[in-house]
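Down below are the structures I want you to see.
Shared between the two complexes below is chain A, which pairs with chain B and chain C, respectively.
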Partner chain A sequence: MNKPKVNQKTILAYGLLLPAFIMCAVFIVYPVIVTLLNSFRPGATMSMSRNRELEFSLSVYKDVITDPVIWTTFGRSFVYLFGSLFPSYFLGLGTALLLNKSFGGRRVFRTLVILPWAIPGVVASIMFLWMGDATYGIFNYLLKSVGLIDAYKAWFFDEELVMFSVILPTIWKGYPFFTITLLAALQSIPLDLYEAAEVDGCNSVRKFWHITRPEILEASVLALILNGLWSFKQFDIIYSTTKGGPGVATTTIAIEIYNEAFRYFDICKASVEGIIALAMCAIVVRIFYPLMTREGK
Partner chain B sequence: MTHRKLRRSGLYLLLIALLVVLLFPIYWTFQSSITPSRLILSTNPPLLPIELDMTAYADVILRRPILLWLGNTMLISIVATFVGIVLSLLAGYSLSRFRTAGNKIMGFLLLLSRMLPASLIVIPVYMMFSGAKMINSYTALILMNITNIIPFSAWMMKGYYDSIPRELEEAANIDGCNWYGAFTKVVLPLTLPGIAAVSIYSLILCWNEFLYARTLAYDQARWVFTVGLASFIGEHSINWSQIMAGGILFIIPLVIAFVFLEPFLVGGLASGSVKG
Partner chain C sequence: MKKALVVLLSLLCVMSSVLFAGGSSEGSSGEIVLDFPTWQAEEGGFALFWKDMVEQFEASHPNVKINMTQIPFNQFTDILITRYSANDAPDITHIASRFFEQFASQGWFENLDPYFEEAGILEDWTSLQSSMVYNGHNEGLLVLGYGFVLYYNEQILNEAGVSVPTTVDELKDAILAIEALGNPDISAFGVTTMQHSNTYQDFSNFVVGEGSTLIKDGKYNLTSPEVIKAAEDYNFVASRAPKGVSTEMLRQLFVDGKVAMIIDGSFVVPLLETADEDIKPYLKVAKTPFDYTPGTISNSLHMSANLSDERKALVWEFMQQVASPENQILYANYTQGPCGRLSSSEGISDPMIAFMNEVGADTRSILPDSANLMRNYSRFTDTVITYVLQLQNEGADVAGIMAALEADLLKNSLEP
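Let's turn to the complex of A and B:
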């Protein structure tokens, strides 16, 4: 009597998961397998049936890894990643600390502070493209008015400045995630810790350093990893404004993979670059795996 | 007392100053969309609205197919969100109530989707849809949006189910409800806030989607709004007022939905399960 019931439960458990599994298997797992296979097939094209006839070879891996161009592309990715990650974090931490105080209208302020999170990446970067316009951009006008620059700059067309210019909308769209996660971490700190510290005569700086900092450390690391992965893979913000240019000034690895496939139609090279990028992400995830599975679900 | 009041006003001033800076891009987009071109295309643009001019809105609506693009975005977002939510409701329930290998597989899929660059996965996906003659189809875009939603929303839903005591279902079972009855009559009504959170999150994700839409549809009639808006950038002379008006029209529904549903959303996001 007991046994068929267990089986029924198992069928139910897997049956409920099945539709979601099928979607993920067809559109996530299978494409990864195809990518992996294509990375070993020099001369691969957009046609799957023709790719099946190609011979396997490691030659493109060798070419890509020994070509310094790929490493400068990864370097650019890391400039973009860290250039946006830490400013976003500190902006998020600052706003979370402010919103953690109790005051009237806190909910309204919170909604407004995290509003940029909801703005589409394409729209965000077009907003900044317009603000950074070489002739009529408000950035130039404001910066020149206060004397920070002497002449108007072409923020999105100058190879020296364009990385900074695509990092700005990334920070803008990225910081609310830190605000939300850190605010939740701050609100879970027991208040009596602070009360005890006050009795001991701690000032606010010491309270922050000895109570707040250790309590939000774990949430911070997790949020940094998640946001870092998001920046590393970021496509919309860069592609919709610069397509990786001018030249290759904003060609991060995510953009490079796409251009290699859809501009130069080198599917094998794009797949190799993608697999290397994926391996890098996997290493990071592996290192922080215990943290991600403890809280990340 | 006065000291506290002073600190309170200081806090408000700081917050308002911060908001002015942080929300300036949205304000400036709006200001650029309602100010006449001759004033906005100037090296000395007005910082505050001085002259209201809606021609940019009229132009972008009448001369560009943005209503079509908006319609495409809405169609794809609503269908994908609906299907994605239904699948996540079922999957999340299984993840919460049963300990199976499914938990491990689903956890792996979530990690994988976090690591996978979308600009990589779009290549084989393009091959698949072009092999199936489904380029320029709504179905392809809807399927990819559903795939975007599921790994995150299934785990978000699991979190909401976890907070509902199993005893409630057991009681319903004793009262003669089968599994389906207990699920629909007892569990689902209690997860409504969770469903609201996951729905708004999924809608935002679909509304913002750009990469698949740009790659899997080249026919202008099948473009979604983000793709259409980005196409203005490549043009020879960019009409900024029109782009800004288009951008504002596009984010208005998003901002309204976000402002009203934000309290639901924050709980789900804060659990660390989501990075949009």
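Let's turn to the complex of A and C:
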């Protein structure tokens, strides 16, 4: 008697999964397959129907992998990634710890803290571009007023400063994600753990290290991985401020792939770079994945 | 089970309506809709001109409607490439002409030679139309080609005791004289000083304006004494220009009276009207201080090779309407820039517009004279810009930078 019911439930379950499955197949699996195929077709262009006629070859993989420029670009991507990821994390952790306490005006503060997340990347970029303007920017005015710089700096033009200049809006835009994630994790920690620690005479640092840190570890790793992947493929902030310049000073792998595909029309090279970037991301996720699962504890 | 089926069917209906939703370009009453995306639908005088063209066309073709849509310029080329790649090309294709060869090399554009021949377009059109030739065929109608001019602030030049420069040496003297005024809020000369396509343009203006070319006899000419001299002159002005400034910001700085001189196309003319009343009378235009007037192409109309014959005929009629003598005068008046039809420039009475047309009629193109480089225009100019940005530093090793640029271009298979 029960068997048909199980079947109905199974059909319903698969049926409900079907839309998600179709969406994944259309918008994720199919593009990945097309990208993979194009990566083996030297001479592939924007005309996908013509690309099918091209012969398969590994030559572009060889060219890309042996080209030191691509590894420099990956290196630059990691500078940008780690330069923005950890400051965002610690800023997010700090604000989450603050918002986990009761104080007057907390609701207003919470809204203000989360606000950057809601602002589109391009808008944030333009704001920072204006603030960092070499002639009239407020950064220069403030820094010169307090004596930190002697002369106005071209924050988005100077090759030595520009990476920092694009990292800054990325941090500003990225930290609220950590705040929200870590705040949720903090609020799920049982208060009696802290009470017991206080009875045992633990100070704030020891309470943080022995209770808070392990309890938010899973959430932290998950948030770091997600934010790391987003930063790795970050495009809008860099492109709308520097377009990868001056020269190639802020050309990360995302900008490089965009340029190869949509500016130089070299779909094969762009696909190869995309596949390499995808493989790198998969390896990083595989390494850190156990940390956020129970098995990894 | 019934409930489950109802839920599933509803979901499938919603999904299929989302996935397969699409528009029809033919109305229910048999009305034909021509798709015309452009970045100029809301751009000052250009918008007025295109709206006028759409209204004229719809009035003369009662069964045709033109759907002109605005797409921001920074997304425009990407969207168009995506549409062409997906076999969803617009009926009327309007592009920034510097991307012409990149589109044409994909086989996306129709050969317009038979149309041009029948209408006699080429006999009375700007010589810059030659940049619309791919594989020996015209594949586009150049709407705007222009010569660069010197915009200057007469008040600042007067204060510095210098006249409008007519040579590069006079330009340098004028810059030094303005700097000697010691006003930190005013820059003597401006160029684009960030990663921007116009950085290439600013540099090439000096090379071409001083009578040289980046390519000579099918080879790079970047380390020749003439090009080095032009690069040194560029280095002189660019190292003194405000840093981290885009072309758009630079135009605004000039209009605000913060930069005394810039070299630019006709796009600055409409902005002059927006200047403060106490500055406006002093903002003037002259020929560039070069031996030759550098010029370039701006935007053009094209026909997708994949359109039906009926739509091709309509698109050509639209192009022909744009190219008509009376509409070319209208174009010059609306946009305050030069028009493509040579004979139409004689009918322009406004002195500023007449000057722009006069300058535009006799220019030397700053575009590379190489089919390979035009096909790889973005990669070529990006490489050049990387090195030109180094030329903007004071005390730059100009000869070394030019040699490194040439080597890098060749290393990247960007042979002329």
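One rule holds in what follows: the second predicted complex is superposed on the first by the 271 of 297 C-alpha atoms of A that agree within 3 Å, B and C clash if a C-alpha of one lies under 4 Å from a C-alpha of the other, contacts with A are read in each partner's own complex, and residues count from 1 in each chain.
One rule holds for everything that comes next: contacts are C-beta pairs under 8 Å (C-beta built on N, C-alpha and C of every residue); 3 or more make two chains touch, one makes a residue touch a chain.
These numbers were taken from a predicted model, which means no experiment stands behind them.
Superposition note: with chain A as the common reference, chain B and chain C are in steric clash.
Once the two complexes are laid over each other on the shared chain, residue contacts for A:Phe262 go to chain B and to chain C alike.
Once the two complexes are overlaid on the shared chain, A:Met46 sits against chain B and chain C alike.
Contact with neither chain B nor chain C is seen for A:Ile211 once the two complexes are overlaid on the shared chain.
Comparing chain B with chain C, more residues of chain A are touched by B. Residue contacts after overlaying the shared chain place A:Ile138 against chain B, while chain C stays out of touching range.
Residue contacts after overlaying the shared chain place A:Gly244 against chain C, while chain B stays out of touching range.
Once the two complexes are overlaid on the shared chain, A:Leu12 sits against chain B and chain C alike.
Of the two partner chains placed by superposition, only chain C is touched by A:Ala154; chain B is not. When the two structures are aligned on the shared chain, A:Phe235 is found in touch with chain B, with no touch to chain C. The intersection of chain A residues touching chain B with those touching chain C, taken from the two complexes, comprises 12, 16, 19, 46-49, 133, 135, 262. Across the interface of their complex, chain A is touched by residues 1, 4, 7-8, 11-12, 15, 19, 77-78, 81, 84-85, 87, 102, 105-107, 193-196, 242-245, 253, 258, 376, 378-379, 382, 385-387, 389-390 of chain C. For chain B in complex with chain A, the residues that touch the partner chain are 8, 11-12, 14-15, 18-19, 22-23, 25-26, 28-29, 32, 40-45, 87-88, 90-91, 93-95, 97-98, 100, 102, 105-107, 109-128, 130-131, 143-144, 146-147, 150-151, 154-155, 158-159, 179, 204, 207-208, 210-211, 215, 226, 229-230, 233, 240, 243-244, 247, 250-251, 254-255, 258-259, 262-263, 266, 269-273, 275-276. On chain A, the positions that touch chain C within their shared complex are 8, 11-12, 15-16, 18-19, 22, 26, 45-49, 132-135, 154-158, 242-248, 259, 262-265. Contact residues of chain A toward chain B in the complex are 9-10, 12-14, 16-17, 19-21, 23-24, 27-32, 34-35, 38, 46-49, 95, 98, 101, 103, 107, 109-124, 126-131, 133, 135-136, 138, 141, 152, 169, 172, 177, 180-181, 183-184, 219, 222-223, 226-227, 229-230, 232-233, 235-236, 239-241, 253-255, 257-258, 261-262, 267, 270-271, 274, 277-278, 281-282, 285, 292-293, 295-297.
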